[in-house]
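Got a structure here, written out as structure tokens. Questions coming.
Note that the chains are named A, B and C in the order they appear, and that numbering of residues resets to 1 at the start of each chain.
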Amino acid sequence: MHDLSHAFSLALQLAASGDPGLWQIVGLSLQVTLSAVAISTLLGLPVGALLALGRFPGRNALIVIFNAAMGLPPVVVGLVVYLLLSRSGPLGEFGILFTPKAMVIAQSILVFPIVTALSRQVIEDLWAEYSEQLRSLGSNAAKSIGTLLWDGRFSLVTVVLAGFGRAAAEVGAIIIVGGNIDGFTRTMTTAIALETSKGDLALALGLGFVLLMIVVLVNGAAWIARRAGERLAGA
Amino acid sequence: MRLLRLALAFTAILAVTVPASAQDKSIIVASTTSTENSGLFKYLLPIFKEKTGIDVKVVALGTGQALDVGRRGDADVVFVHAKPLEEKFVADGEGVARYEVMYNDFVVIGPKSDPAKIAGSKDVLEAFKKIAAAKASFISRGDKSGTHVAELKYWKEADIDPETGKGSWYKEIGQGMGAALNTASSSNSYVLSDRGTWISFKNRGDLKIVVEGDKRLFNQYGVMLVNPVKHPNVKKELGQTFIDWLVSPEGQKAIANYKIDGEQLFFPNATGKPST
Amino acid sequence: MRAPTTSLPLVLDRVGFSAGGVEILHDLSLRIEPGAPTIILGPNGAGKSVLLRLCHGLLSPSGGSIRAGNVAVSTERTALVFQRPVMLRRSVLANVAYGIVGKHARGRASALLERVGLSHLARRPARKLSGGEQQRVALARAWGRNPEILFLDEPTASLDPAATRAVEDIVGEIAAQGVKIVMATHDLGQARRLAGDVAFLHKGRLLEHTPAATFFDAPRTPQAAAFLRGELLT
């Protein structure tokens, strides 16, 4: 218990210190994670909607694949992306291994199936309720998808937050493709892994608490936005 | 909706503008966890950058992995500590030339209770024999790192096959130095460590140095430029500038000056010429 | 108000409909003319809801044909108010505006809300409204579609008398605008109040289609007579 309380007070000191090194790491973590979540959302919502509403051969197989891909092992994804981006790999010429871009790519691969699979479920449930009414009101496919995304927005925010949680907590993939380079690709989670390996468990835990605080802040902001939105738009 | 769109657009832009490289003048150095974890790079690199303006990005891995990153052309410079592997790297044409930079030494770490009764010994082979005879718990890196390679060499010279102890007293964890020390600390085991990592390691628990000072524990670090003929993307001028600086009197002095609690971690011994 | 309607008369010729191997409508021929509201009467399970969905274009017949005047049967020219209308997760105003095409959708929606007496709730979340209020939102929303025919599927089935009265008043007002009303109900009182003619459905077959007065005073089939006495439950 003493270790934990020590780590917690260390976390508060870290957060209060305004240490530029820490904020640089926090900033990069958010940048990488939010970029990956944004990309996954932009791709995952339309694909989720397509899977929810579309009727085509192989649809059920795709749904199963996306559901399963929510559990992709980060280390495996990291390794595959590493081999793809390596100078000796097929995408080596772009030279983005060991850069934040590589980390965004790896995390997008992890988050995209989560956003797709969960939004597919949300949209499919809503479609079951809405489909006849929307057709009666003359809504075509494109307008219906827009309607479902908009009317499902509060559930979909939760979907996106699930993706954010996965990305924010992830270390296995980004440490491989980012290289955990000090001041360049070091994020909260890779810094925690590093401090653990240096035996500085208190600092590692302290950083962990700081990460938790950030995740709570992001979720809190989303919650407030959701409540305000519900009150204004009425859901 | 407008806000949401704005947020999406904003993050999308971030994704595009995440810097591919903070500066053009930068190199990637594949190195070992021991040099990174000991804090040496945090000390050296700002001095080097001040002088040359070159950003050095260190990817810290086990020696085997670091050499592999070099072999794939993903680093410009490899800075590791496993002489036989390094020589093979150069002989295979993966690296241009090997320069010796510095050394530190390995130490055998063990619990204060010392079940194998080896504390104070200066003979690492004798100590390893006693550990095996006592079937005292031993943590091996098991990750093809420089430290792991050295450890296997000592077992061989002591004429012991640690494989026979697998599943009982000999435990391969397949992780970095820090993880090995953490495991040893929590299970009161013996472990071979480089001195630098040990000095900067904080979670010691009941561990202490039990064997040190054997000449065989000498741990040489070498640095190599990845072969730009094989990998045209290698920044050979910038990489060579870094290597030249490391082996220059100025770089050597900087290495000697790095201390934790007054204790010097690495001892420069560059000749300034390729070693092979 | 509008160019002469073209969706009328609505002519069903030997229409059959089955789903999952169950025959729901059988060999049904019916001609719906412009004029006073047509009331579809019949016990539960008679096929009233399916008949309305076929006429609205949400379902296609398995057999026979439906012709709407000289145009295709379509959700563009007709509107349907469901027994339990789905309120979108939006404001009352946005729900009404949803089905209206064009720039002035919100302005028109406001005017429609005024006419159904819900202006004061325009900004409220539609799903938080009472059943009667939701039904009036659905009427305004359907009205906004500018239908030539308005189908209503038991719109007052779960409402109290006051709410029922409000809905009937609005239906009357829509009818007065020249919109043909086709309403399914099993509420005999409502049928008497609104009907111009009555189509009586039983077990997927059309048993009678007569002027309202004829139906209520002198039903021709024993089933209709039993229904009027309250003795025909399915």
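Definition applied: contacts are C-beta pairs under 8 Å (C-beta built on N, C-alpha and C of every residue); 3 or more make two chains touch, one makes a residue touch a chain.
Predicted model, so just to flag it, every value in this text is computed and none were measured.
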### Query
If you tally the C-beta contacts, which comes out ahead, A-C or A-B?
A-B
### Task
Select the chain whose centre, defined as the mean of its C-alpha atoms, is least distant from the mean of all protein C-alpha atoms.
A
### Message
How many angstrom lie between the centres of subunit B and subunit C, each centre taken as the mean Cα position?
### Response
80
### Query
Once you find the CA centre of subunit A and the CA centre of subunit C, what distance in Å lies between them?
47
### Message
From the mean C-alpha coordinate of subunit A to that of subunit B, what's the distance rounded to whole Å?
### Response
33
### Touching two or more other chains - residue numbers and ranges from subunit A
none
## Note on the structure
Going by residue number, subunit B touches two or more other chains at none
## Note on the structure
The answer for subunit A against subunit B in the complex is residues 31-32, 34-39, 41-42, 86-89, 92, 95-101, 104, 150, 153, 179-185, 194, 196-202, 225
#### Entry: subunit A contact footprint on subunit B (complex, rising order)
1, 3-4, 8, 11-12, 14-15, 18-22, 28, 33, 36-37, 41-42, 55, 57-60, 72-74, 175-179, 181-182, 185, 197, 200-204, 231, 233
### Summary
Within their complex, subunit A touches subunit C through residues 129-130, 132-133, 135-139, 147, 151-152, 154, 230, 233-235
### Message
Help me check something: in the complex, which residues belonging to subunit C touch subunit A?
### Response
56, 58, 75-76, 79-80, 82, 85-86, 88-91, 94, 98-99, 101, 123-128, 141, 145
